[in-house]
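Take a look at the structure set out below.
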Amino acid sequence: MSLRITDAPRSKDELAAAIAADIPAGAYVNLGIGQPTLVADHLRDDGGVVLHTENGMLHMGPAAHGDEIDPDLINAGKVPVTELPGASYFHHADSFAMMRGGHLDVCVLGAFQVSATGDLANWHTGADDAIPAVGGAMDLAVGARSVWVMMTLRTREGAPKLVPSCAYPLTGVACVDRVYTDVATFDLAEGAVTVTSLHGVARGELEALVEVPLRFA
Amino acid sequence: MSLRITDAPRSKDELAAAIAADIPAGAYVNLGIGQPTLVADHLRDDGGVVLHTENGMLHMGPAAHGDEIDPDLINAGKVPVTELPGASYFHHADSFAMMRGGHLDVCVLGAFQVSATGDLANWHTGADDAIPAVGGAMDLAVGARSVWVMMTLRTREGAPKLVPSCAYPLTGVACVDRVYTDVATFDLAEGAVTVTSLHGVARGELEALVEVPLRFA
Amino acid sequence: MGVQVCADHDEAVADVRDGSTVLIGGFGLAGMPTRLIDALIRQGARDLTVVSNNAGNGDTGLAALLDAGRVRRMICSFPRQHDSHVFDRLYRAGEIELEVVPQGTLAERMRAAGAGIGGFYCRTGVGTLLAEGKETREIDGTTYLLEKPLPGDIAFIKAHAADHAGNLVYRKTARNFGPVMATAARCTIAEVGEVVAPGGLDPEAVVTPGIYVDRVVSA
Amino acid sequence: MGVQVCADHDEAVADVRDGSTVLIGGFGLAGMPTRLIDALIRQGARDLTVVSNNAGNGDTGLAALLDAGRVRRMICSFPRQHDSHVFDRLYRAGEIELEVVPQGTLAERMRAAGAGIGGFYCRTGVGTLLAEGKETREIDGTTYLLEKPLPGDIAFIKAHAADHAGNLVYRKTARNFGPVMATAARCTIAEVGEVVAPGGLDPEAVVTPGIYVDRVVSA
């Protein structure tokens, strides 16, 4: 694998497209809630990727519109969705047994922070008055065979979100395999962080930004 | 409850009829394999008793005959059976979760021996060359809300099968609630054995036969 | 033993006691037994512990029960939502207790309660705040948490249809927690779209066998 | 990832390795994937550990695999039957190892393997010979045994029909161990009556979602 370089940071849609392109044909995939669900819009129709939603469905289709909307058919973010041929429904214990038993090939999650060793923080800001809500995040973090994070590399305040050690409460320990950001993609394996693509930043800028030792593919 | 007395020992069919008469209306019942399955023939049609078979079915009907025989529809003893209205099928983990989770009201099992404290021995003779086979017996013994045993009181050699302590390997500890035999019915509760019916034996004969202190209802 | 077809939702919930643990189905509003909850509000039981995936949406259903001040403690995976203002207010005012449980652990703990499992080891939550106070154990090189069963006194679930044997079928993702909650409660009450005649459900397609259902009431 | 529709049973079992743990569905002959077993006999893998409820009936199916001397160890609940003469002979001759597991524990251990459960506590077997060597633990006043997951390298199961997404439906009590074994093996092969077109199975009635099925082969 060689380092891919493009001139500009990736938009959310470009990032979603890049992730979609990396999902193997025929994979069973969970896209969590929020921004990662954009990945669905970029999957190739002939790739045979099957989407799982934690609330009990495989072969989930795109968002429902107009007359398609059925309050009994929603995704994990409670957005009305559709059903594709080959669909199946199952209850929550079965859905999470599927997740926790290692049957999903890939999940894509958002994050507040990811550590160099793959620790994930995406459920709790740690603020005293925050209302904690974990949903299925911890189950996905330990259950999926490959856990990919989709996030901007920096907070709004400019702080890096790829860190030596997470300051926020953890979702899972050493569970993240890959981090897709607007300016770079990182592979995490055995404690080493390898940059596999750069978008609108130079190597030196990236090294200066994150306080984590980097390798470059 | 007062002691019921009849003149003659009960035949297998009379015993099965007596057990059937004691099953509450609407109960969910498992009849194991072998002799206890005779109880099914004596259930009242209007009693609403629902039969469970461990191999994944509720509302099991009577044995199948002739054209009804379907190799995909068998009971725990692998005898072809039929399906009644209200039937449902489920897999083995679900079937035994039902059993082990305490959802069956009554099960009726055969026994080699039952102890005064309700220990059950019905799966293994303990002989050196015996091939051990437990099936669902241990699951039923701990899982059903009421465990009833159907057996002759004596072995072919005349030894009592209701004993102070089982000589055969146990199926379950302190799990039997009631013992129906050809010559007497016994309620087991908190270490005491209460005779609730006598059939062709006198109190004194029964007391001489079993080496267990008896109360009489 | 047997299933009772209730005349209305009020009859179905008439005997819920103060202090009960009530398992309430639904993922958001899909599968939420709203009419049973409304009847429970009329019935008046209080000091309840409610187990449900979310802590109410908008102002109806579970949110209305919370707003009526009947719930002492919520056990759920995801209380914080864009429309969970009722719960948010009660929580910030210190008027409700919260136990957050990972969604899969929540479902599996109820399954365990229904299946006679005294406890189980799972990886979810290891090394996180939600592991605090829980036993950890290494088995074959992997670290697990010990999780305990979560039984209910009553379950309120919603299903698409029931037959007179109490068998249930669901609709699409509204199935969610219904089947597992039905196994975990001493008394399960199903709010259904219709009650069909005996033999009206395909035995191969029954999701919740009638053995888990005590009462049904149709819309 | 994805399901492979095999041309025949021989293709389906071509890569089974010596020493594998093979989960074989069926309760007696109902649900037994006889044609896959016949293909495995032709394929020749040996030194197998077989997990199945029984230890073969008559002279076909699993009994034939045992008779061919390919099985080193049987893990089952009920080996001794009126027509288990093949197993009986091998066992008495010391030519096969036997681990007897209560039927519910057998099913639950495979479910645990498929569900990421590292171990679970159950009451079945407490105080019996089958508790020997197992950890016991008292939880809330009840004594339990610790049971470990039972995964397979391969599962052979039989189903009524599959679709091209690998979803399976079963027929009556032939469902038995198929769904739970499908979750517990690294590679699950289903022998089915027919493979129907995409959309040919009702999504509400699918019993085994295709995610658990690697290969299907029709009769």
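For reference, chains read A, B, C and D in written order, and residue numbers begin at 1 within each chain.
Rule of thumb we're sticking to: a contact is a pair of C-beta atoms (placed from the backbone, for glycine too) under 8 Å apart; a residue touches a chain by one contact, two chains touch by 3 or more.
Small disclaimer: the values here were computed from a predicted structure and weren't measured.
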item	value
Averaged-CA centre spacing for the pair chain D and chain A, given as whole angstrom	35
Inter-centroid spacing, chain B versus chain A (mean Cα positions, whole Å)	55
Distance from the mean Cα position of chain C to that of chain A, given in whole angstrom	29
Multi-chain contact residues (two or more partners), chain D	108, 111, 115-117, 122-123, 170-172, 203-204, 207
Residues of chain B whose C-beta touches two or more other chains	83, 89-90, 97, 99-100, 142-143
Pairwise touch network: line, ring, star, complete, or other	other
Chains that touch, pairwise	A-C, A-D, B-C, B-D, C-D
Parts of chain D lying in touch with chain A, wherever the complex brings them together	1-2, 111, 113-117, 163-165, 167, 183, 198-199, 203-204, 206, 209-212
Residues on chain A engaged by chain C in the complex (per definition of touch)	53-57, 70-75, 78, 83, 89-93, 95-97, 99-100, 119, 124, 129, 131-139, 142-143, 169-173
Residues of chain C defined as touching chain D within the complex	108, 112, 115-123, 137, 139-140, 142, 144, 148, 169-172, 202-205, 207
Contacting residues of chain B [partner chain C, same complex]	24-28, 48, 50, 52, 58-59, 83, 85-90, 97-105, 142-143
Partner chain B, residues of chain D touching it in the complex	27-31, 53, 77-81, 87-88, 91-92, 98, 100-105, 107-108, 110-111, 122-130, 170-180, 207
